[in-house]
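Mind having a look at this structure? Questions to follow.
Naming follows writing order (A, B, C and D), and every chain is counted from residue 1.
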């Protein structure tokens, strides 16, 4: 059952201290800014953030970090342009980092959303990021065992949603949205427009509503 | 080191000549993005879920950015998809060529381009592209700002992937990675074999008859 | 065995009463398809890549079929997707209820519904649904044509999955799988506790005050 | 590079004896009938067929089987309505069968198309289909190790394609098409309509052309 929420505050009402929160977006594209701002307001602490980036300038992830709400970040590229907020927290030991190659991050999230607990990948074999990981050979090539990532909440950004929670995205703002929606117990989508049931073409739905728990309209 | 360093634009042009029309290409952050405008008929992949990514031509759209997070355009026949499919494509070998920058390339083809040991590393999609693409081309200046060769016998920086680099395009030469080390294939305009040798701290073969390539583009001021 | 076997339509109706509005439901091949028209507000998943699959209402379309490969319709708000996503949904626990037929159900919740040991077995999506759905409901006649109970202490047929069945709806009763075996919750109209007991070859608890349910549908002739 | 082929014969011209061929479709929906008929005509033998079903009545898979071209079938549901052709070949030992749960089949194909050599799944644990498979526990639950499936050729059926090979499907005919396109060295799609470059909306493309090698128009 998908609920259409009146505002972002209602949509993030039950994010609890210590929750694992996936946040969609690649740079600014697909970043669920309004939901993140509501999360800052909401006040949950000790969050584990799973996202490709760790904030840039004073974007919404940087604001959440600056508010001291995040204790751990799982991401591929924390050193974005102007990621000073994260860098200072990290230097001071206020936030820990699990650095994951971007494709492995995506595949771990997709596995979490697909009932696959673990898989093997050739990425990062023989590198520092293979430290402590099981290595195994398939077809004459070394691979690493990687585990699924799941989350308590996913905050994502879509273009349109209907009342069943079916989602469309816009251009490259799609990025992590579809797989994070699958991997979270509670998926919350901010969308530019909520439309009536039947308005979306069932052929073009990218994220079926079964993966989406709450939608909230946040016009561009 | 007295070699006149080439404008990297020329190097980017030279690299683009080795990418056939119809190839699927991923261009990394930084110098590799300079290759884009010299490609002929290649289809560019951006790891944030785009095929047909193109230089911006028109108004910027915050939802259409390249892997460097800069505003971009989309070629006819392009498509959008999610991150899992984007990297599935990469790992499964659908990207014909990835062009990457590098801190160091070893004569074994080892690539180091994600960390110089700084406190806060970032890896992005570099490791996935390095092991997944069918060919890894590196574009870089041959020397660091301190004048140290980035072509090495063994990388001192942390590896991105082992044994993956096929070709290196520097401001001094075009080089191929072979069993016995680097083989210089062409010299950049104005570079002598001795200059290339002096700027290389790795096993290097320079054939006697090595040609010098001529760039057919007008160079912008360095 | 003198129990008057209920029309299975009534059993399908009874089962549907236990599926709340808004549930995501997968209906297996055969008897389970009878549940479809009694559902209220549930959203039906078909493993061939459809959410919102509905009974056919209009012209048949060869590209819109259900898991039984029969022509179907699509509810407003439906969506199409590929097989990997469809079974990802199943394994990851997004299907609230799967309704399946069975050859045997054990008092441990073990399910046997894919093979009776025939030379050519077929499994389809049964094993994925059995381990993936949050609740597994079985609808079946309680006895085989030969009069043998399909509620057993231990399945003699090959398992589909171990310990997964939560509720069983037969022509004699509604039963729940509990630690101590089957617990009868309701008798079908016209069935006595003794008849149910005689038709069950597994640990079974029949509470003294067991109610008989009344079907509010008009039964078609058996 | 995607080639638009003049006819199905050209599209399947290089299918070789002993090739592994994935065939899309679930029942009749999405079955690439014209390509399969061209494959019968083409004559390649000793094929391994990877498909959900093993023919029904005299459909195109049954015709390929009846022509004696297939030595092994990897599928989830060989016992469809009227699958007599397969049943007789199987009974006579003329074709071997690898029976795979449908979700595991789909995930193995998807893995093959995503550079993942192997993964763990909870499906089939404790059943006859787990025989000989490595079992491993994750999060207190048993799982089986399953290996990726790849193919030399995939024959699939789409609704529209452009000259770049971008594909749209129609309704439930999508089924295995998108993942088989990813998992084959050469993917051949029969589509009801080939359109000019730029006619497909990049938001709605289901299979990007990078996965598709040949398309051939076969009007409905």
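To be clear about the criterion, a residue touches a chain if its C-beta (ideal position, glycine included) is under 8 Å from a C-beta of that chain, and two chains touch if they have at least 3 such contacts.
The model shown is predicted, which means the values in this text are computed figures rather than measured ones.
Novice: Expressed in steps between touching chains, what is the minimal separation of chain B and chain C?
Specialist: The fewest touching-chain steps linking chain B to chain C number 2.
Novice: Computing the C-alpha centre of each chain, which chain sits at the greatest distance from chain A?
Specialist: Centroid comparison gives C as the farthest chain from chain A.
Novice: Please report how many Å separate the Cα centroid of chain A from that of chain C, as a whole number.
Specialist: Roughly 36 Å separates the two chain centres.
Novice: Quick one: chain C and chain D, Cα centre-to-centre, how many Å?
Specialist: For chain C versus chain D, the centre distance works out to 30 Å.
Novice: For chain C, jot down the residues that touch at least 2 other chains.
Specialist: Touching at least two other chains: 74, 80-81, 84, 87-88, 90-91, 132.
Novice: Can you pull out the residues of chain A that are in contact with at least two other chains?
Specialist: 107, 110, 114-116, 121-122, 169-171, 202-203
Novice: Between which chains is there touch?
Specialist: A-B, A-C, A-D, B-D, C-D
Novice: Going by the contact rule set out above, which residues of chain B touch chain A in the complex?
Specialist: Answer in residue numbers: 46-50, 61-65, 69, 74, 80-84, 86-88, 90-91, 115, 119-128, 131-132, 158-162.
Novice: Report the residues of chain A in contact with chain D in the complex, numbered from low to high.
Specialist: Those residues of chain A that touch chain D are 107, 111, 114-122, 138-139, 141, 143, 147, 168-171, 202-204.
Novice: Which stretch or stretches of chain A touch chain B in the complex?
Specialist: Per the touch definition, chain A meets chain B at residues 26-30, 52, 76-81, 87, 90-91, 97, 99-104, 106-107, 109-110, 121-129, 169-179, 206.
Novice: Could you pull out which chain B residues touch chain D in their complex?
Specialist: 22, 24, 43, 45, 51-52, 74, 76-81, 84-85, 87-94, 132
Novice: Under the touch definition given earlier, write down the residues of chain D that touch chain B in their complex.
Specialist: 1, 110, 112-116, 162-164, 166, 182, 197-198, 200, 202-203, 205, 208-211
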